[in-house]
Structure formats: structure tokens, C-alpha cells
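This report concerns only the one structure given below.
Each chain carries a letter (A, B, C and D) given by its place in the written order, and its residues are counted from 1.
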Amino acid sequence: MKPNRLEAFSDGVFAIIITIMVLEFKIPSGHDLNALHQLLPEILSYILGFILIANYWNNHHHMFQIATQVDGRILWANSHLLFWLSLMPIATTWMGENISYPLPMAIFGILQLACGVAYLVLSRELIYLHGSDSELAKALGASKKELISVAIYLVGVPLAFLDSRIAFTCYFLVAAMWIVPDRRIERRIKISGAGE
Amino acid sequence: MKPNRLEAFSDGVFAIIITIMVLEFKIPSGHDLNALHQLLPEILSYILGFILIANYWNNHHHMFQIATQVDGRILWANSHLLFWLSLMPIATTWMGENISYPLPMAIFGILQLACGVAYLVLSRELIYLHGSDSELAKALGASKKELISVAIYLVGVPLAFLDSRIAFTCYFLVAAMWIVPDRRIERRIKISGAGE
Amino acid sequence: MKPNRLEAFSDGVFAIIITIMVLEFKIPSGHDLNALHQLLPEILSYILGFILIANYWNNHHHMFQIATQVDGRILWANSHLLFWLSLMPIATTWMGENISYPLPMAIFGILQLACGVAYLVLSRELIYLHGSDSELAKALGASKKELISVAIYLVGVPLAFLDSRIAFTCYFLVAAMWIVPDRRIERRIKISGAGE
Amino acid sequence: MKPNRLEAFSDGVFAIIITIMVLEFKIPSGHDLNALHQLLPEILSYILGFILIANYWNNHHHMFQIATQVDGRILWANSHLLFWLSLMPIATTWMGENISYPLPMAIFGILQLACGVAYLVLSRELIYLHGSDSELAKALGASKKELISVAIYLVGVPLAFLDSRIAFTCYFLVAAMWIVPDRRIERRIKISGAGE
């Protein structure tokens, strides 16, 4: 099976998840600067959620760029990832409305861990299908960035109970780290393209 | 007519249906464990709904993988399926908010039956179009799993009036059974691929 | 310019319009038959809206099946059609919640007329671009069905002020008439396919 | 990397943004002309928002029509544009509900400026990637229309504090100016097509 339709379906879900977060915004009830000011924590949360999802889309895009086939297991591993990502809008809004409380902040971090694990499972399934000496396996490699992200989340979640702002800063750190796209795969594409 | 655009449109609808279910969640009103605890029945319902729709998408994907053409009747049979599936989010949320009441639980099961029938009609129309000795007809075969699902729903729906938890368990049983993807078609693709 | 991306974008909008109608449903507040009974006029309106939009999608699909090019004018004519269609969910819900009042019923019919005119403009622009002796021009032909629909709407809208149920029946009549897909174009595709 | 999937994802986001604006409409609470009359400022805002987003889609479509490759920087420049565009629905609704107040009106204009800058950044990144003597660079050219739009917004935003209707008129002026599609690129496509 070719991955085209899996990509199309995932693109649809990514596009909706990233866009419905904005639907959860309550329209400011007033029409002065104060009304806008109250939106601030929600806007910050939205920016964080937007970067994280855009980042998942980018990496998903990179990974399936060099995947040549999918099977039933991949379809479910992909749906599993989309399940956790689909909880992002509600977790983001909950955090945004309760920015100074530990629990919503910690739950957001735990959800990020779940998404991270789901992404890892998907990439391992892809490597398993393509073989451990495939282009894909070489390109995904050691997953250093992924491990650092997990470490930061593991530190950030308990810190949320000390001060929610520390956790929030940790999450932004991860987002910032990922804005630099996945050079590993781009390099790999160039090399394999040059070898053709 | 080629099935590409039917697939694209269906992918869009599937992606939206699966994602808007999460929109129906009410943001927890508090910020402690209690607020999260109250979400539990809704989250369980959401997981059930997500698996069922992901499953329809997977099978739809498998089926159109080997379909080579569509006509006006197929377009409407497909829209008919999407109609019933589009009622999933509201039925799922209604069930989630009234998890211990028989009627929402029974309605959810009846909707599953309607979706199942619509899917059956679509697959029969496709077989009719491709001919009864086509690859597609052979791949879809005897629909054993579909019949078992229908049987479980037929048992589960009346049991909802005895105890809604029994029905809920029945529905999860069906979902679990379908997570194993449609080997029939994958096998068929391999065979026909090998014959090329 | 090829019509691929216009189709993709339109598919997205169609998929969303047809699905968000269901978002406007209020989750039944109770959990007994009475709660379900109150939904009846909204469900009927939803069925009507769903059929009409699915129908526009079908015909749009058929029309662009034989279109070979688009230009800037077509892009805007298409956006113009999507604009009117995007008002369908709100008009459908408003009608559903006020099923026995003349104004929401009449507005729904007027919106259908606007959609119809926008579709006509789009098809004329396509014919203009492809030339009046193109396959597309021959396939679209005399637009008999479109004219009958317009006539029924023109009769139905004022009748809404007499009895809203008459108008509602008129609208369903149009929907029923269109479920039979556009044989003209299917025939044309077969002929031109045979000639290759 | 080919731009196909970036286009697909963007199409999805565009389609959702343009459609969810209509979701923010409150269903009229009454069923007479008065209820409809109260919707007027929101409908005007919706028309403005719809034209502006349709316009961004059209130009995005034109630009990627002649782009032949994308890289990680482009993916983020594109996500950055989509971020600002995703705030359109909430800004449009806020303006529509407070049509006679200066702040929501000014914020809408500032958001347009942010979208415009993000679009400019995206197009410069594309030119940088394709080279300054590429077809794309020649086609995008001097960006005269973009500069006029920016000038009108820069004038309109402060005027909102004098009379919000003046700013609203300025924004409609920009929208009207852009309905004429991007002839530069269409011409370029024809020339390069003729040269093949």
C-alpha cells in the first residue's frame, strides 16, 4: 500500500486540530484593551499549541517523504498518534484558562509525552516495515532531539506543582528547539537524490 | 470515473468527524482532579467513537484501494454512509454525558447498525459495478466480521435497557475486534501484485 | 492552470460545510424519548441540508471531471459559490429551530436560489473558458433540471408565508429530484472515452 | 522536496479557516426580520473576511503553481502565515459584534498587516530558494499591489479611532482591489508555457 491516502487523511486531521484550537477562544466580551488583555494567557497557550502541532506535521511530512509503503499496523499507529494530538485543543484551552494552576499545566505536559510516545511507536513501526538498513531507518537515526524533549517534559511536569510558569517555560523551550526542522532527513534526501 | 476525488472528499469528512467529536467536550470548569474525574465517561465515549470512525476510515481506505471506478450510484451510496457517520459526534457526546441512561446508549448502538448497513450497501454497489468475479468482490468476500458486529449490536442495544454498562462493553468489544485490520484485502493486494 | 488544487480546496470546504451543520445541533438536554422527539425538526432540516450540499458536491465533481483548465475568473466564481454554500449551516439550523415560522423558511429558499445562481455563473464561466463547442459545453447542455429547481424555489419561497410546511415540502422535492445524478455528463464521459 | 503536501495541508487549513468563521455566527434568537437585521454587521464582516481569505488562498495557489521545491524554512514560513490567518475568524467576529468600536476595528487591520508581512516573508523565502533569476522571482516581481494594501491598512488602522466606519471602508477597498487576480503570474505561466 502507498502512503498517499494516509498522508491526505492525516493532513486533514492536522489541519483541523490546528484550526479548531482557535475556535475554543471565547470572543472577548468587551471592546477595550482590558478585554484584549484578559486573552493574553490564552493567546500564549495557543501559540505554544500551534507551534507544537505544526512541528508534528512537519516531522510527519518529513518522515513519510521517504516512507515508500504502509500496512494495517501503520494505519493504526498513525491513528493512535492522531488520537493523542486530537486532545491538544482541549488541553491547550484548559491550560490557557487556568494558566496559574498546576494540574492543567501538568496534564498538558503529560499529553505531550503521550504524543511523543505515539510518534516514536509510529516511527519504529515504519522502520520495522522498511527494514533496519533502509533509507528511512538511517534517516530517523538516533532520535536525539526526541530524547531531549522527553527529558524536558519529564522535568517540567512535576515542576508545574511548584510554579506553573516554570513548566510553561519548559514547554516553550521544547517548541523552540523543534522549530529548526529535521535536518537529518533533508540531508538524507539530498544524498539519496544525488546517488540516483 | 476514477475514485480519487471521492476518496479526497471522504477523507475530508472522516477527518472532520473524528476531530469535531473533541469539540463537543466541555472544557472542565475547575482546575483540580475532580474536574478531570467528571470528564471520564466522556473520554471513554470519545475513545470508543474515535476507534469506530478510524476503523471505518481504514476499511474505506482498503476497499477503495482496489476499486478502480465509481459512478453516480456509488457517489450517493458513499454520501449515505457519510450521513450516518456524521451523526456519530452528537450521538457519542450524548452517550458520554448520560452514560448510565439506557436511551442514549441504545441510540448509539442503533446508529452503529445504520452505519454498518450503509457500509454494506456501499460495498455491494461497488461489487455490482466491478462485477462479481472482480478482485474487489473476491477481496470483500463473505463479510464474516461485519455479520458478527451486527450480531453484537443487536444483542447490545436491548441490553442497554437492562444495564447501560453491558451495552457499552458490547460496543467496545466490536471496536476491539476491528482494530485488527482487514487482512482479506491486504492478502488480495499482495496476490494480485505478485501476479503482475 | 490545472483544476486539481481548486478541486482539493473545494473538497475541503464542502466536507467542512456538510459536517459542521451537525455541530450546530444542541446535544439533547434530557435522556428520554421526549428529548429525542424535540430534535425531530432539526434532524429533518439536517437531512435536507445534507442532501442539497452532497448534491452540489456531486455536480461540482462531475463538472470539473471534464474541465481541463481554470483561470483567475473561475477561482473567484468558485469562491463565490462556496460563499453562499457556507451560509447553509446557519440557515439550516435557523430553519430547524423555527420550523413553523415563515421567515427562516423563506430565507432558506432564497439562499438556495443564490447558490443556484452562483453555480450557474460558475458553469457559464467554465463554458466561456473552454469554448461553446467543447465537451464541457455539450455535457452541461440546456440545464433543464436547474431551471425546474429554480421554478420550484420561486414558488416555494412565497408559499412559506402561507404555511411553512408547504415550502419545506417544495425544498424536499428539489432535493429528491437531484439525487438522481447528472446522467448528461456521465454519458458524455463514456462517449468521449469511447472515441479515444 | 516537492510542494504537493504543503499545498494539501495549507488547502485544508484555508478551507477550515474560511468555513469556521460562519460557525461563530450566533443563530438569530428570533424568527422575524428584526432578528435578521441584527445580523447585518456580522454578515458584512463575514463577507470582508471571506474575500480576504479567499484572496490569500488564490495568491498562495498562484505562487505555488510556479514553485518547484520547498525546504524546512519554507514549511515554517508557511506555518507562520497560517498562524496569523487562523486568527482571522476570531478577529472578524469580534469586529462584527462591535462594529462601531475603534479597538476591534483597529485590531482587525493590524492582523491584516501581520498576515501581509507573513505572506511577504514566505514569498521572499521562496525567491531565495529558487534564485533571484528564477521564473518565480520574475513572476512575483515588484509587489506593487502588496505595498498599496499595506499603505491603506496603515492609514485605516489609526482612522478607526476617529470613526470605525472609515477603517471598515478602507479594509473593503483592499479586498475589492485584490478580487482582480494576480495577472503577473498568469501571464508568466503563459509565457513560460509557450516557451516549452
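Rule of thumb we're sticking to: contacts are C-beta pairs under 8 Å (C-beta built on N, C-alpha and C of every residue); 3 or more make two chains touch, one makes a residue touch a chain.
The model shown is predicted, which means the values in this text are computed figures rather than measured ones.
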item	value
Chain copies touching (subunit A, subunit D) - same or different residues, decided at half shared	different
Angular offset of subunit C relative to subunit D [C-alpha, multiple of 5 degrees]	90
Whole-Å gap between the CA centroids of subunit A and subunit B	26
Centroid distance [mean C-alpha coordinates] between subunit D and subunit B, Å	37
Residue list for subunit B, restricted to those that touch at least two other chains	8, 12, 15-16, 20, 23
Residues of subunit C defined as touching subunit D within the complex	1, 5-6, 8-9, 12-13, 15-17, 20, 23-24, 71-73, 75-76, 79, 82-83, 86-87, 89-90, 93-94, 97-98, 101, 103-104, 107
Of subunit D, residues touching subunit C in the complex	7-8, 11-12, 14-16, 18-20, 22-23, 25, 27-28, 31-33, 36, 47, 50, 54, 57-58, 61, 65, 179-183, 186, 189
